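Please find the structures below.
Each of the next two complexes has subunit A plus one other chain: subunit B in the first, subunit C in the second.
Up next, the complex of A and B:
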């Protein structure tokens, strides 16, 4: 029984944190300038870049990763580089761009750690990576991959797409379903 | 934003490109794999570390110098340039060998030179932290060159932070990102960083 109750609490906790994320994403978006009309992720990236005083470059990568949402954000010295899969469908490309832009809008700090570098640099030894990282001790001390950031970015991206579209976004392009979440939120506050 | 290290003193080392000799590749790796590329390890340090790594004395300082510079004759070093008995070949054996010759010898299973060659390339590869194929396979070498450039940009703070939603990056993707880092470095150089 105790285990069962704990699991229920965990599930409730997760649902609550998602609705919290939704509320927070709505607040974030309300503080930002209106979305460009007609809306494209490229036009939005340009507007956000102007707002932040740092240009955002959108770079299509010659990757081919089928249906997986693959995207990357690299903060360089004088600009932000948002990469997306050039072979993804146009709709998925928009979703990838919005997700990576949302990292910027949420003020995320990103992650550079040894585990991530070993995925990106599989042909370099762990010793070599550690030696080169010695010049960035702050990076070494950072906690690793932050799944909370990913969820927050996906939430904001989904919300932007929803507000930008005349019709609600196709649920299968996003990992989150805002309609279900709002229903859960309402039910949660009624009970 | 992420705290970044002090600005670099010089441009990052340039990979020697396809078809480079063993000496050119070693010289590049000596800088590119150093914690600070402007302070590469001395040949003495290299030899000492490779001998520790091998657990026995397999390579001398003068021979490490020969391999790295491609020079066979140095009057001050000639009398010292004894390749360690471990490799059991003529001192000039590996010096200035091009990738084709290395590849042929590497694949020449049963040939007389296979064992010392493999031992030497494995020793160097382990020391630098890359695959031994770096020394004779252009495709492997160009992928590793891109990885080293990317790692240098991390180390120097030119990449401040990353959010990555993918299992990894293809060689082509890595080259595209490195090109953007190069472009940002050129802009910083031109503007004096006042943008």
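Up next, the complex of A and C:
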């Protein structure tokens, strides 16, 4: 049933090509601090947290259900909480973490979802949740890519992972562009 | 050897120059490098016997192609090569005409004056055995080869320094090592030819053949190393693209079946054909997306699959004769096939999601998925769905 709801949500989206999304995400990534080496999503979260002066907590979710997002970011009063599906494969877990971090890096804002936070943190009292959400009411979940924010976060996450997995930079990289007029022209105008 | 030098190499260099021509609008490095190859291609084409005969006949001056035009083209190539190395080394270049080009121009004028004013314009000028004792010819050639030695030494030294710097910065020099080797052999060629001229002056023509063969070998190795250095990066990129497009297409059927049932996991409009994938570029990024989407879809399907489906799939894979780590691959393929069938049958979502099978190593995940896709693509030896019977709601 949940799948059918997701399909309906998704009908309006998906018009953007990969290339369009990529161009936007690359512009964002170029403004971000360098990736940690060796790279892990956890190390990246720690680095971003240190940079922003707000810790980022990564929380694996044991409860998994088709109608729950596989990742969530809660901007709480004194920290950011990134939840991810513990049942997902390591590759997908990394992607979920990076997706939620990308929301944070892009400055996206969602809607308050107290019910969701209660499911994620069942031990917190309702009063505490109210207090935690009072000042920074931001929640983003990874379900589908039918909104511009979701598409942007997912592409940025993919780009971060791709860049992290890339081989060390080649000094002869410019030789790749010998036949790429667009890149060559861009580089030429920058030089 | 002659056919290689006079036919294969000119063709390769002309093709390479045309291929890289668009980069003439690029950076100074790119412009200088492609200029170097264009001049080298010109020099080698001018060395082709048919071109020599045709051009000499056209200009009405015997030996002008071999003695003058060919050498001028090489001077142009060396000036561009020096400029390329300086640009690569990071020296700030101004918009003014650089002294390197001014020096190359002056040398070209000097050689032209020597040729026009002091050298015989006939076929004998080609015959080094008769050059001995002729001051103008020896001066002409020594001037040219000494310039080669200078350029070879300078470019090799700068490139080696640059390679050391790059290694300290944890960058891979890649093709620059081969370019440095090409410059070194170019310098050796110049030194060898200078020594050759001195031998000619001193002893006459006793070792002409062997000297010529070694000269041709040094020149050929130098040019081949320069070409190899310039194509290393594009060829590596091409191989990576081929590998990624191959993997993308190996995953295509598995991805299509999964995303047909779970379309919300697809980001944007991914290119579907191999040509579209190449045109879109970033094949490794496309591959990562495809792997993530497969895993995302499998995680969603796990919400509809019974908890013991994985155990059943593993038992079925073992029973089908799979061995070693292939058992998990076959089991995963069987699990996906069964989970898709369950989903398509309209089974309701379970309150607790089962664990979808997957690998545990992020870096090996795509390789593993390619194997799973291959197992999935084979005709299933076991169909798990009928054995599921009553599924718990």
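One rule holds in what follows: the second predicted complex is superposed on the first by the 104 of 191 C-alpha atoms of A that agree within 3 Å, B and C clash if a C-alpha of one lies under 4 Å from a C-alpha of the other, contacts with A are read in each partner's own complex, and residues count from 1 in each chain.
The rule is simple: contacts are C-beta pairs under 8 Å (C-beta built on N, C-alpha and C of every residue); 3 or more make two chains touch, one makes a residue touch a chain.
All values derive from a computational prediction rather than experimental measurement.
With both structures placed on the common chain, the touch criterion links A:47 to neither subunit B nor subunit C. Of the two partner chains placed around the shared chain by superposition, neither subunit B nor subunit C is touched by A:106. Counting residues of subunit A touched by each partner, subunit B versus subunit C, the larger count belongs to C. Judged by the touch definition given at the top, the superposed model places A:35 against neither subunit B nor subunit C. In the superposition on chain A, A:155 makes contact with subunit C only, while subunit B stays out of contact range. Of the two partner chains placed by the overlay, only subunit B lies in contact with A:71; subunit C stays clear of it.
With both structures placed on the common chain, the touch criterion links A:21 to subunit C but leaves subunit B unconnected. Contact with subunit C, but none with subunit B, is seen for A:88 once the two complexes are overlaid on the shared chain. Comparing the two interfaces of subunit A, the one with subunit B and the one with subunit C have residues 63, 65, 70 in common.
Residue ranges on subunit B touching subunit A, taken from their complex, read 1-5, 33-36, 126, 128-131, 140, 143-144, 147-148, 150-152, 154-170, 172-174, 176-177, 180-181, 184-185, 187-188, 191, 193, 195. Listed in rising order, the residues of subunit C touching subunit A in the complex are 19-20, 22-23, 25-30, 33-34, 162, 166, 170-176, 229-234, 236-237, 261-271, 280-282, 284-286, 288-289, 291-292, 295-296, 298-300, 302-304, 343, 348-353, 355-356, 358-363, 365.
Those residues of subunit A whose C-beta lies close enough to touch subunit B in the complex are 57, 59, 61-63, 65, 68-79, 81, 83, 96, 99-100, 103, 108-112, 116-117, 119-125, 127-129, 131-136, 138-139, 149-150, 153.
Partner subunit C is touched in their complex by these residues of subunit A: 1-3, 6-7, 9-10, 14-22, 63-67, 70, 85, 87-92, 94-95, 143-146, 151, 154-155, 158-159, 161-162, 165-181, 183-185, 187-188, 191.
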